[in-house]
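Chain lettering (A, B, C, D and E) follows the sequence in which the chains are written, and residue indices restart at 1 in each chain.
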Amino acid sequence: MTDTPNLPLDLVEQRKARIARNERIGRWLLPIIVIVLTIVGWDRFCVINEVPHYVIPRPGRVLEALIEDWSLLISSLGATLLITFSALTLAIVGGVGLAILFAQSKWVEMSFFPYAIMLQVTPIIVIAPLIFIYVDSKFIGLLICAWIVAFFPILSNTTLGLKSADHNLVDMMKLYGASRWQTLRFLRLPSALPYFLGGLKIAGGLSLIGAIVAEFVAGSGGAGSGLAFRILEASYRLNIPRMFAAILLISFTGILIFMAMSFLSWLFLHKWHESAIKREM
Amino acid sequence: NEAITFGTNWVAQAEHGGFYQAVADGTYADCGLDVTIVAGGPNVNNRALLLAGKIDFLMDGNLLQPFNSAAEDIPMVVVSAIFQKEPQVIMTHPGQGLDTWESLKTADTLLIGNGGYQSFYRWMVSTGFRDEQRKPYTYNSAPFLTDLKSGQQGYVTSEPYAIQTEAGFEPNVFLLADNGFNTYSTLIAAMQKTVDTKPEVVQCFVDASAIGWNNYLYGDATAANALIQAENPDLGDANIAFAVEQLKKYGIVDSGESETTGIGSMSMERIASFYEKMVTAGVVEAGLDYESVVDLSFVNKGVGLDVKSRLLGN
Amino acid sequence: MNTKTLLSLKQIGKTFSNGTVALQDMSLDVHEGSFVSLLGPSGCGKSTALKIVAGLGNLTTGSMSWPTASVDPLGRPDHEISFVFQEPTLMLWATVFDNVWLPLRLKGVKKKAARAAVEEALEMVGLQDFAASYPRELSGGMKMRVSIARALVTRPKLLLMDEPFAALDEITRSKLNDDLLRLWQKMNWTVIFVTHSVFESAYLSDRIVVMAARPGRVVADIAVDAPYPRDSSEFRSSPTYTNACNSASKALHAAMLSGDHM
Amino acid sequence: MTDTPNLPLDLVEQRKARIARNERIGRWLLPIIVIVLTIVGWDRFCVINEVPHYVIPRPGRVLEALIEDWSLLISSLGATLLITFSALTLAIVGGVGLAILFAQSKWVEMSFFPYAIMLQVTPIIVIAPLIFIYVDSKFIGLLICAWIVAFFPILSNTTLGLKSADHNLVDMMKLYGASRWQTLRFLRLPSALPYFLGGLKIAGGLSLIGAIVAEFVAGSGGAGSGLAFRILEASYRLNIPRMFAAILLISFTGILIFMAMSFLSWLFLHKWHESAIKREM
Amino acid sequence: MNTKTLLSLKQIGKTFSNGTVALQDMSLDVHEGSFVSLLGPSGCGKSTALKIVAGLGNLTTGSMSWPTASVDPLGRPDHEISFVFQEPTLMLWATVFDNVWLPLRLKGVKKKAARAAVEEALEMVGLQDFAASYPRELSGGMKMRVSIARALVTRPKLLLMDEPFAALDEITRSKLNDDLLRLWQKMNWTVIFVTHSVFESAYLSDRIVVMAARPGRVVADIAVDAPYPRDSSEFRSSPTYTNACNSASKALHAAMLSGDHM
């Protein structure tokens, strides 16, 4: 609310304002408390159960590893992120593209959706070798693997969204002689936006996971290799603190990606969609 | 009897024959152990279970992991080395100019698994192989078979057989052990605590395993194979036969030192030599107290030699 | 006045899959340039009939034809139809301006070229200041007015309006009544207008069609023989107007009794 | 439309009916044609490129393997499906449960959503060993792994759905003094249903993949082991037709699961939701 | 008639974050048992005011109090309020019966126990035959009637109605007018009723409040001093009625000019 005139608000309104303020503070404070508690809990768990450092290291040790191996880890993170974002981009293009294709007719949907499902359920680890027989570039191979993991939620959610357009608006489009493409552009795509963005939140994490799985399955090592390789290496070398540091980095990246996707959602939806508008009444 | 568990590093195979033999014919039971074998797999991490105290003994592929334990202050020790040679091989297509170990360095592609890449391949790199040659091997040989200029890792007992029977040709096989990678293999490892608190259990497991291996290789292996095949129904008789034959042909289990001091024997000299090699290769760091992760007190006692000579009739 | 038939419904019927007979044997000829009001109890099938005319629904029985227009294989005429739906039916993600622009946009009119027409339509419904607002920032009546502006912006040949003014205050409503009449005359539109107000129907239209409910059908067809432009206060005190109101009211009462309504 | 009286329909209506009939037939015929073409294409590809049978076997050979190894494969499929459906059930319970929890307040959501994301993005292959340290039962361990893979789409979509309830209805609930629980029960959950069911379609495939990945990571072999092990074993032994047969079985199962979820969607939504109602006007 | 004040709005103001001043300095005391009509141009803040009374919105300025009721810490009174929203606001996934049952259900009334009350409410709005239908199977007016039935089923102390009858034909509308008045008297409800019809407001209410737009505020407060029950035709020809209509109309016209509306 802007430009509140300087009239005194009564008690009830003050109380409401106080609740709102607490809510605002709590939204940031509570997560921090939870994180701190988690870390303390993790540390206590290790100490009380005398968990050896080579099974689960104490948080301090992981932090040390994180600091010590920072440049190594961060460059690996970079490599992983390159695959992640390329795969996410392709997942968006592919997922939305296929959803649009499937929305064109029941025929197309029933004919090709099964293939999309097959891609989703086929374990990467099994088809990766086949991919690499026919794909020479390692980057492209990794990309395909990560894409396979990430595209389905976008496809599935966007398809659902395209079908969820208000039928009165569909009628209106028909009435005004909108072409198939125009109906898509002006009605179905905007209606699908909340669903698509929901799919994107899922796919964000999945493309990260996809990049990591792809590296596990298909990534050779050496310079410029990603976080999966760091994990494998640290695990093999029994350098468990570094392994945990790498995992933490992945988790943290996942959370950042999710937050980015949430922000994107907010950006596109806050003007009009229930899930994102700030209620004023 | 005391119940203990032994984690292997792969699904049940002829390479685990002696252990199953000792379970099947009661050799473990005779010295007071009730042994459960927990099979591993390509992605199964039995090591974590050992470190967490969930299993008692672990089969370790070669000495590099124990060296890593030393580097990370992990109180794990090797108490026996069942294989004198690492059975790891590199295979190539014959007649493609890749017929010698040295020529492998010119191969376009070497398919090496993640584990192999972390261990023996790093040694290979130090001897002139290249990181760029390596592509991941995920236990699917199709990429190898389609690329004639490639090589692929394998166990001398398994992959060559599959290639022969399914792809119809006999690949070149280069045993790492014969090309300088002189580690012991199929090590029995335990936590230091086990060794300290239950030496008799360790001794029993080491001895009975040695006896089991002698029986498996030289005696009637039917019962052990039945156990293995129950665990892993896909493993055919011919497959097992091939594996056992290879184990013998290459002297994987029983050759050199073990012929005099029994299966499982280890010498600190050999370990030292391997360690030095790995240090030179940059695979492990220098200055590790590697002796601390090996305990020679349970082996080199000639256990099982009597069984062998009885079975071989001399 | 024109007497060519623009649209002819012949014994049309519409039965929904749950068994509701929304329309039965409804016949209606609409002349070009006429202003027809559709009056009837709630649920009698007015909206259903309008949607069918707009080509938005399948008939169960009967047929619909456009004698003076050329039609495509699915029977749709080649001229413009606009529709004010009973609910505002706005795109929530688009501003008021973009909502009104839509029909033009679908014809390929760029934003710049559309501006004048859109602003004129918004001005007509009194929303010139809300062009940049989103639908959720509008009151109920304002949403409905956006919908009306959207229908008017295309200058259609046939205008279908489903209770367009029900959510508006009387002053706005009467202003829009007059605006609509003026446009209708100027543009030579044909209008089919659903309303619940007998007075509104008598004031606006040259013909009042009264429907009865379940099955929906035509029970009265009342001509309002008075020339346009009609002077508001004068016409409202004329016997033509009073008679039309009375006949329509009576027909409506009879319809309420004959249908299964209430 | 029921009980059409016997009046003659005019030409246009006949044409519309014909189009609808073609559509109905095409919906089934086209997919079959596409499948047949795919199989033929696959076969031609193998023959023309002289792809060796141990790289990509011809369809006939895969069919042979499927028939020959049927009992073996089907019992493995059973084991995999047990994990799959248990994981899916848990994913539903966990995903919806967490979504409900998160919907209670922004505080809770911001505090615990990060942990959900961490679970989503942490590679199973890395944490599986940790899980098996603290979980003795192999079945439960596999279940946890598969659950981790599958629960996030349900959580994310349901959370979105719970937030997408019509605000006018939310107001109405408030007005009538509905408790938090009643608002959830009578308004938010039904509103979230389409989103939840969308998440379920994604999670169905993911729990299958999750079960398979879990087996890969944690499953030693032996009797009673699942399809993942069959694939690995067949691949290792270069019994590629059997491997393909197992993959086909997985794909087919994935499609069946998807169809089941779609049917479920239809069941719950066809009475009222845009995405599922049959338009009559 | 009762003169205790049920509800008191003191200089309330509501400004939306986009800057729209929906209400400014609006003061209004509502007596217990009274029937207040709210009249005003489209977009003047009637719905906003009603929502604030219902406790569904925050005030920007001013205060609201319930002198005779005990209130909870957030200022909500402990008695029942019902609301007929301007839009039907039905649960699409629930049948007509379940929609009407809802307010009772929220109070823990089981389906069986609620049946009689729900059916009575449905009968009042003429939808007894549609209890098993889903909202999408209903016409616009029918949906609105379901919403009315839902508001009546709880027998509330305060009934807020936002243009409840706008989408209904005149006959149904006048029947519901009479039903509402009957119930209001019998149950001793207090009603705040938003309408666009000056006639409806004069016929129904004992007080007509006229609002002007942007900023929304009260510009006239007209008492309709006629006893209830009011005989329809007799009352409609009484000078009280005519005067009330005229004053309201005049106030409304003035309001239209004073606001920034159109």
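In the analysis below, a contact is a pair of C-beta atoms (placed from the backbone, for glycine too) under 8 Å apart; a residue touches a chain by one contact, two chains touch by 3 or more.
Composition by chain, UniProt nomenclature: A, D = ABC transporter ATP-binding protein; C, E = Nitrate/sulfonate/bicarbonate ABC transporter ATP-binding protein.
The model shown is predicted, which means the values in this text are computed figures rather than measured ones.
Undergrad: Which chains make contact with subunit A and with subunit B at once?
TA: The common neighbours are D.
Undergrad: How many Å are there between the centre of subunit D and the centre of subunit E, using C-alpha atoms for each centre?
TA: The mean C-alpha positions of subunit D and subunit E differ by 48 Å.
Undergrad: Let me have the rounded angstrom distance from the C-alpha centre of subunit C over to the C-alpha centre of subunit E, please.
TA: 28
Undergrad: Tell me, which residues of subunit B touch at least two other chains?
TA: In subunit B, the residues touching two or more other chains are 45, 48, 52, 138, 140, 142, 146.
Undergrad: Send over the residues of subunit A in touch with two or more other chains.
TA: 55, 125-126, 130, 133, 166, 171, 216, 235, 273, 277, 281
Undergrad: Out of subunit E, which residues touch more than one other chain, so two or more?
TA: Residues 16, 48, 51, 56, 87 of subunit E each touch two or more of the other chains.
Undergrad: Determine which chains touch and list them pairwise.
TA: A-B, A-C, A-D, A-E, B-D, C-D, C-E, D-E
Undergrad: Can you check the complex and tell me which residues of subunit B touch subunit A?
TA: So the residues of subunit B in touch with subunit A come to 45, 48, 51-52, 65, 68-69, 71-74, 114-115, 117-119, 131-132, 134-136, 138, 140, 142-143, 146-147.
Undergrad: Sort out for me which residues of subunit E touch subunit D in the complex.
TA: For subunit E paired with subunit D, touching residues are 51, 54-56, 81-83, 85, 87, 89, 91-94, 102-103, 105-107, 134-136, 154.
Undergrad: Can you name the residues of subunit A that touch subunit B in the complex?
TA: 52-55, 125-126, 128-130, 132-133, 216-223, 232-233, 235-240
Undergrad: What residues on subunit D touch subunit A, complex-wise?
TA: 23, 26-28, 30-31, 33-35, 38, 55-56, 105-108, 110-115, 117-118, 120-123, 125-127, 130, 133, 152-153, 156-157, 160, 163-167, 171, 194-195, 198, 201-202, 205-206, 208-209, 212-213, 216, 228, 231, 235, 243, 247, 250-251, 253-255, 258, 273-277, 279, 281
Undergrad: Flag every residue of subunit B that touches subunit D in the complex, lowest number first.
TA: So the residues of subunit B in touch with subunit D come to 11-12, 38-45, 47-49, 52, 54, 138-142, 145-146, 158, 162-163, 165-167, 230-234.
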